[in-house]
Structures are given as structure tokens and as C-alpha cells.
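Paired with chain B in one complex and with chain C in the other, chain A is shared by the two complexes that follow.
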Partner chain A sequence: MKNVTGNESGAAIKRRGLVFYTKIYFKIIAQDIKSKMSYRADFIISTIGIIATNIAGFIAFIIMFGKFPSINGWSYYEILFLYGFSLISITPTQCLLDNNWSLRRYVYDGDFVKYCFRPINVWFYYVSEVFDVKGLGQLVFGIGALVYAWIKLAIPVEFLLIMKIIVALVTASLFMMALQNAAAASCFWIQNSFWLLDISLKMKDYAKYPITIFNDVFRFIFTFILPVAFMAYYPSLVILRPDNVPVLTWLSPVLGVAAFYGSYKLWMKGASKYDGSGS
Partner chain B sequence: MNNIIELKNVTKEFKVLNRHEGLKGCIKDLFSRDYKIVRAVDNIDLEVTQGEIIGFLGQNGAGKSTTIKMMTGVLEPSSGNLIINNRIPYTDRTKNSQEIGVVFGQRTQLWWSLPLVESFKLLKDIYQISDENYNEMLELYGSMVDIETLLHKPVRQMSLGQRTLSDILAAFLHNPKVVFLDEPTIGLDVAMKSKIRELILELNRKKNTTVILTSHDMGDVDALCQRIVIIDKGNLLYDNEISHLKHFFGIYRTLKIRPRENVIEVANKLKDELYAFEVSITNDDTWISILVNEEKNRIMKVLEAVQETHAIKDMQLKEISTEDVIKKIYEGGVRN
Partner chain C sequence: MKNKLKKYFALTRLGIIETFQWRLALFVMILGNLLYLTLIYFLWKAIFSSAGNDVVNGMTFEMTMVYLVLATSLYGVVELYIVWEIGRNIQNGKIVLDLLRPIKYKHYVFWENSGVLVVNFLVTFIPTFVIVVIMTKGTIPLGWNLLYFILAFVFSIVINYNIDFIVGTICLYTESIWGINIMKQMIVALLSGATIPLAFFPEKFVAVVKYLPFKAIYDTPLTLLMTRNPGWQTVISKLGFSLFWMIAISAFSGFFWRISIKQVTVNGG
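Moving on, here comes the complex of A and B:
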């Protein structure tokens, strides 16, 4: 980072780059976690809650898919792989963008204006305020399911494959974040935007199934309109169907970055036209 | 250029949908392109020099907040020139924010569950305040208020007064050139009000910070401002030294009475009965307000006259409010 020294009053305001934001982010998060712990009962109950939710979801999954040895050519463990994959890829959205759930309320009450007065990026400042620790519980379950499926499917543990799965996970996370971010941003234009955000959350439930089990209409929607298929299916084909990877899979990392950037731009556009009514 | 703030012909218009009534109207609204233009701020000129404290007054919906939002870079003016510290706030929002501080009376900008000192440390990083300046500022705060009890208390556990105090301290922490204070003493008791006024005045003097203060409390304005700007219906109604106006709210006082009989009837009768006193009378459901010019008539005399013909349940004596001042300006009592 370059250090630009101002002439007046010796104040040196550095350009706020990636290093600056990363540093600030970790400081804010450390404080946030510290303060969450200070509501001790709340912290313990919500930790138990998230573990229970995950166990319940997992049991439902086993009961449902344990009955069928395969669905549409997808074996039980392959579906378990997708399940774990989608749990991991939802984690960044859950942990990092949790404050987006409250955006509607802030905008509606006029409280959002307070985020506009700091000399840092508004989106960053807003989402950095809350880090949802509960998301980490999900991550543990996701990794568990994925590793178990990996072993059962006898996929070799190779460096290249591991790199591939990491890229695939990052890609899927980007799509997931993009969808939630864009849905949250809609509140800058639409008064009652909660249902959009709610739908975006429900979408992750469809993400855990191979897209081939849906009919053509849904397949089209989930691929080109709501990028649900990119949240687990397309990226994980690299590992599960290495001989038959469609073009969309190879394109997905680029599309993921584009989708996330687009959702960020949309959010920022909304924030800049925000007029702070109600104060 | 000595002016820290310069507004020239600044206008802000909002596009508002013409709403129709009823369910049918609602459906119509969905597809309607029938907008009307509302002018929230209309052709305002304003110049402020470094170090001034300006009382920015106006009734609710007069355009105060809109003007402040333009100055802080949240809103873009529809037309006109707006320069803060040689910058256009809207296009240069980040840099503008570096040199302004904002406090909104009831909305804290501090991290809700953090102790104040942690919030300060985050602000230190965000505004890139040097260790030297930061420590110097904390030392200064220490000499003004009992900072030690505040620093280690989570903001959520603070009383409203402590929170407002903390918010003001946080707004001055990066030594901004301009601080916007919106209703800083709203909802506070008398002791806390005067404490906060003292703090603002001292910070203004020590740091030569320009302060733009909006308040409904004439007490705030009286204690802090040398100059008053009044905005009404988007127009600049008044911009002058406070001494000009002070004369005015010094001599006017409101006598509020609660009669035993029907309020409206009594109010109507009083309009005739008190004609000689040249007072203006208004009433709501329970109270009758009589604005008395004490230069012409003593308040006790008016009260006596009322009591002669009407039984009184309760009474209050009030200082003139911003609303009354504005009303008086409209009536032509004060020349700009």
C-alpha cells in the first residue's frame, strides 16, 4: 500500500485498499464475536439450535434417500456429496452476509443513513457489522458429509482434485452470495421485499439435488434465471462426472465472479439512490 | 476561499407517485406513471466560514434533513452548486466523510454491543487517525467529561444521555472540519442538556470545528449559536445573527391554561376578552396557548384577566418555541 502524505496538518490518509479492508474486517469481526459471547445464554442456545437443525436436516436426508439406491442415475453417496457441497457453499453467505437480512428494516426505518457517513465502502461497512458464527456449525456438517461421501465414492485424494473442489466450492459460494445480495438489495426499490430474500434462502434447498431430476422448465429456470444449479450441481460435476463435464461447468467460476460483482453493483446502486426517508 | 460550506441555488426535487384512494386506486397506482415533482429544497444560498456554530432551524418537513443529507453527501442536489471543504460531497462521498462528523440524536452510530473504547479503536482505524492525534483527543475528552466511566461501558447499557455524549465524542474523534448535529439534546433532562451544550461549545473552541446544529429546542440554539438559519417549505426564510432574533424570543412567552369549562368555547371567548392585550391565542383539545409580548403586557395581568371570567384547572409558562419564532417571522415581526 502506498503512503500518500498530505501537506496540510501532516495527516497521512492511505488509500483504502484490500489490505486496509481485510485488516478492518478482522478487527470488527473479533469485536463482534466478543460481544456475541457476552450474551452468553443466547450464544449457547443458538449453537444448540443450529446443531439440532443440521442433525434434523441430515436425518431427513438419510430417510428420504436411503430408500432409493439411486435417483436418475445418481447414487446415494453422490447425492450425499452434493448435500455436503451445498452446505459448505452456503456458509460464506450465512457467515458474512447475515446483516443483509436486516437491510430491509434499516432502509424502511431510515436508519440506513448512518452507514453512509463513514469514509469507507458502504456495502463493506454494512455487511461487516454482523458475522454469524452459527454458519460455522453448518460448515462442519458440510465438510463431514462431503469427506464421508468422497471416501465412500472412492474418489482418489489427489492434489489436482482437491484444488478443483476448492475452486468449485468458491464458485458455488459466489453464486449463493450473489443471489442473497441481489435479493436483499431489492429492498431499495420494493417496499415489501422480504419474500424475495426468503425465496433466495429456499433456493439453497433445491441446490442440493442434481438438476437432471427436474423437468426442462425448471432446469432452464435454475440454470439461466435463478442460478440454483450453479450452487452445487455444475461445479461438483468436475469431481463426480469428470468424463462428462458440460461447458457451463468450466464457465462457472467466471460466471460466479460476474454474478457476485453484478449483485454488489446492484446493491451499491440501490444504496446511492437511497434518500433516507423517515428521518 | 474561506468558506467551508457553500451552497448556491441548491434545489432538491423528489419524484412522488400521485396515489389514488381505495383498492381500485391501489391497482391503478401499480401501473401509474403519474408522478408529481415535490420541491423539498428550493434555491437555497448559504455560506459558512470555518469555526462557526450555526443553528439550522425549521419545522418538520421544512427541508432541513434534506439539506443536511446533501451536505453530507447522501443525497445529490437536483441543481445548484454545493461545496463542502472544496469538494462536491455527493461525487466525493468517501473523502467528504473523512472530514465531517455526523450525530443523529436518537440513532447511535456506535457499535451497539461494544464498549465505547472498542468503538473508538475501530473508528481510529477507519479514519486512519494517528496514535498521536488519537491519544491527544482522548486526553482532551478526559479534561471535558468523565471519560473513564464511559469508555468501558457497552453502548447498549448506556443511558440516553451517556449515549448522546458518546456519539458526539465519536463524531469529533477524527477532528473533522464540520460536524452536523441533529437534535443532540432531544429527550434529555436539563442537567444533561447543559452538559452536552458545554461539550459542544468547548470542542468548537478548542478545535475550531464548524458545527451545524438542528434543534427544536431554542435553549440549544440560544446557548450555542451565533447565527441562525431558518428554512421553511424548502425556502431560506431567515439567515442572520442570533442577537437579531434573541430580542424576540426573550420577550415572548407562552401562557398555557387549562379551563374547567369547554376548551373551544373558552378559547373563542378569550379572543374577544383579551383583545386589548394584543395576544395570539391557539388551542388544542386540553390546553389554550396565549402568546404574550411581555414588553407590552405583563403575563400576570393576562392571567388575572383570564381568571376573572374563567375557572382554571391548571396552567404552565413556556419559553417560545422554534415553531413560534417561525410563525412570528411570517407575521412580519422580524426583519431579516
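Moving on, here comes the complex of A and C:
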């Protein structure tokens, strides 16, 4: 009899698929959002913060590009398109993986151990603990910029194009999440990995410019070593340059999944190596 | 007075030793700066080549690059992540211990971080400056302007620190540090001319920005550094502007902290 229950619970663990994790995810973030809502001043200040940040970003954009009809063969609205695109594709990283910013501290202080004792995936449990609502503010600005540029560029609104842009956005998001996740995971091996995370955050600022402004050496680096070009440029070519789509663009969804999976494996490897040092 | 300074410099020394413990962080920071400089080099090159003109808004490509390279390295010196530190200390309760120290909290945080500032200045700004001077041969004059720069830079450090401290004080009222810190970084970087030289701003925008304290952080020291033989009037008005804002903003940050700390309870410890 005991044996049977043992088998059953074993099967139950195996059956923990997408449905199980989705359910749990919403339960965990509901707690997080409830706790955040109790700090109303904080929510208001953060919202003002995200709006002000984005307005400052747009002012900088207009100052730099507004005076020139085109930069390096890219029109003003095409660059705006890339800008909006990059703002949208950073949103999943910001909303879903925000807790990665605290990982370094949890590992350093030894509090990370609490995540290792749950009967669910450690990475999943860790990142689901925090959902950054403010990130959605960025999404609004990003969609606004993208739609505006879309209209100004007179791109037709067709079903196939909408599907393409969605796939492109998901691809770019995967690359951004992969980079941030890997940078956060570095804290399992090196101390003070804050700088790596900070650099990974700044990469999103690099992503919003066409890769063609760089020379060959840096084009190579930003494509194959630091995947900045995949965070907006290559995926958005399906819309901006439909007649001349490079192979890398077609490959990018697969590469995005691979990069994300790689970063996840790295994170899990670090977590399994973690020995609970600290106080 | 002497004792007071000794107390402060002891904190500076500790900071210097601590910074050299994090050699890897220093290396990664320099790497990050190099990447950023690469980006702005190619970006501005593209902008200048599409303008079809050697001079855009009164600045040549070379001047723009010198300005931005030096602004970036100064940014690396004065950005001490004070808001993060204060915010974290509020959240974990460590601030209670710091408040008990026989030194004003504002001064303690500054001097505690001054070591990092010194190391960053020696390790990032000085080498960058030397390389720029050698590579551009004459874009930066070597004369009295160096002295004006140092003075303006000292004001800049104090102004920047006090802005950070004010934003850190806001963290007493909120739980999040991230949002506030990002906002501060973006606004200061834009309005101070750290990311785009103020010469490129539209006139109406500059009309407002030129009265704000932010420009004293990067624009004023760098303009004084790069101007050959500025008139006395220019030097005095620029330094006077920085000095005025330094005093005003220090007074305000102290006042804001005093009224804020009374109203706030801190959890943990």
C-alpha cells in the first residue's frame, strides 16, 4: 500500500507541467502584488519614476535624431520603430525577472537557502516571487512608439505582419532575459557581480540602434559575443526590411530559445553548486 | 578641525582599501565603460556623417567625442550608487546603527564612499584624460583651465552627492529603490549634459536647463576644461553658478533629511 502511494506521488511530481506552474505562478505573484499595493506612496512614486524616465529617454532621442531625416540609411521613424521595439522587448525581463537583481544579496547573505527547500523548480520559485508592475509603464511607451512609427512608415496592418512582429518581439525578449539571467547567475561564482548585471541592463540601450552603424569588428562582437543585435535589430528586420531579410533573422527565434535555455541551465548549475555559505 | 578631518580621512582610507579588494569589479566597470564609449563613438559618427557638415551645433566630431569621453569617465567617478546604499540600509535596518555614530549621517555616507571616488578618479579619469590629451593633441589646453576644472569638479562632486542624498532620503518614504534610482540616473544624465552635450539641445529647452543645478555636474567642469583662455567673467560666472547651487542644495538636503528622519520608522535591524 505504501509502495503505491509512493509511486503515485512520484507520478504527481512528474505531472507538474505547465498548468501546475501557471497556477502556482499566479498564486505567488498575487501575494507579491498584494504586499506592494499596501505601500501606496511607493507605487505612485515608482509610477511617476517610470513615466519621467521614459519621457527623458524620448527627449534624448528627439534631440539626437530629430534634426536629421536619416542616419546611416535608417529614417527617423525606422529608428523610432527600433526604439519602441526595444522598450517592449525589455518588458518581460523587467516584470518577470526583477528578483534576479536581489539574487546576489540572497546568495551572499545565505538567505538563498530558503528557495532550495521547496518541492518546485528553484529558478521558477525564485523569479516568480517578484513581479515588477512598474515595468508595464515602459510597455505602454514602447507600444505607443512602435504603433506611431508603424503608422508613419505606412506599414500595412495585416494578420501575417502582426504575427511576425509578435514572434520578433518574443525572440528579442528571450535574448534580453537570457543575458540578464546569465549575468545574475554569475553571482554564484564571483562576488560583487552587480557590475555585470548593470552592464546587462545597459545592453538594452545599445539594442535600440541599427547594428549597421558599427564597423565589422563590433558588428561581430555585438552579434556573436554579446547578442545585442538580436535584442531589436535582427528580429525587427522582418518588418523594416521585408525584401532583404538575413539568415540570422530567420534563425533568431531558435537562437533565442537556445540562449534562454542556456542561461537557465547556467543559473540552475550555480544554484546546485550553492552551499549556503554566509550567516 | 584637525581631528575632524582625521576622522573623515580614516573613512576615505578604508574605502580605498575596500575598493582594491574588488579588483574584478573595477575591471568589469572599465570594460563596461569601453563598451559604452564604443557605442557613442559609432553613434555620433553616424550622426555627424548624416549631417553632412563637419560642425554640428558649433561642435566638431572630435570636440563632441572628447567631451563625451571625459563626461563618461567623470560619470564613473561621481556615480557612487549612494541611493542604493541608503535605500538598502533603510530596508535592512542598518541605518539605525549609522544614525548612532558620532558623525552626521550625511557626512558619514559621503566619507565612507569617498575612497571609491578617489580610486575611480585615479584609475579611470586620470588615464582617460592623459590618453585624450595625447591622442587629440591640443583639443584640451594645458593651463589655468586645469585649475578651474578642479574647482568646478569639487563643486560637482558635492552637488551630485547632495542630489543623491535627497533622492536617498525619499527612500525613507518608499519601499522601492530601483524605480527612484533609475529615474534619478536618467534625469541627471540628460539635464547635466552627461549623455548629450548641452550645445545640441533645442534653444527653448536650454533656456530652462541652464538655470538648473544639473549642468554644474558635467557641463560646467568640462566646458571650463575644454575652453582655451576663457575670460575672467566667464570663469567667475560659471564657478559662481556652481558654488551657489552647491550651497543651496547642501542646505536643502540637510533640511530635508532632518524633517524626514523624524517621521519615519524603520523595520528590522
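Some observations on this one:
The rule is simple: the second predicted complex is superposed on the first by the 264 of 279 C-alpha atoms of A that agree within 3 Å, B and C clash if a C-alpha of one lies under 4 Å from a C-alpha of the other, contacts with A are read in each partner's own complex, and residues count from 1 in each chain.
Keep this in mind: a contact is a pair of C-beta atoms (placed from the backbone, for glycine too) under 8 Å apart; a residue touches a chain by one contact, two chains touch by 3 or more.
Just so you know, these numbers come straight off a predicted model, no measurement behind them.
By the touch criterion defined above, A:I199 reaches chain C but does not reach chain B. In the superposition on chain A, A:V247 contacts neither chain B nor chain C. Judged by the touch definition given at the top, the superposed model places A:V157 against neither chain B nor chain C. By the touch criterion defined above, A:A41 reaches chain C but does not reach chain B.
Set against each other, chain B and chain C touch different numbers of residues in chain A, with C touching more. Of the two partner chains, chain C is the only one touched by A:A60; chain B is not. By the document's definition of touching, of the two partners only chain C reaches A:I213; chain B does not. By the document's definition of touching, neither partner reaches A:L18: not chain B, not chain C.
For the contact definition in use here, the residues of chain A common to its chain B contact set and its chain C contact set are 36, 39. On chain B, the positions that touch chain A within their shared complex are 14, 65, 69, 72-75, 93-95, 97-98, 100, 102, 104, 107, 109, 111, 113-114, 118, 121-122, 125-128, 130, 154, 182.
Contacts from chain A toward chain C in the complex involve residues 36, 39, 41-42, 45-46, 48-50, 52-53, 56-57, 59-60, 63-65, 67-68, 70-72, 98, 101, 132, 134, 190-192, 194-196, 198-199, 202, 205-206, 209, 213-215, 218, 226. The touching residues of chain A, when paired with chain B in their complex, are 11-14, 16, 23-24, 27-28, 31-32, 34-36, 38-39, 111, 113-114, 116-121, 129, 274-276, 279.
Partner chain A is touched in their complex by these residues of chain C: 22, 24-25, 28-29, 31-32, 35-36, 38-39, 42-43, 45-47, 49-51, 170, 173-176, 178-180, 182-183, 186-187, 190, 195-196, 200-202, 205.
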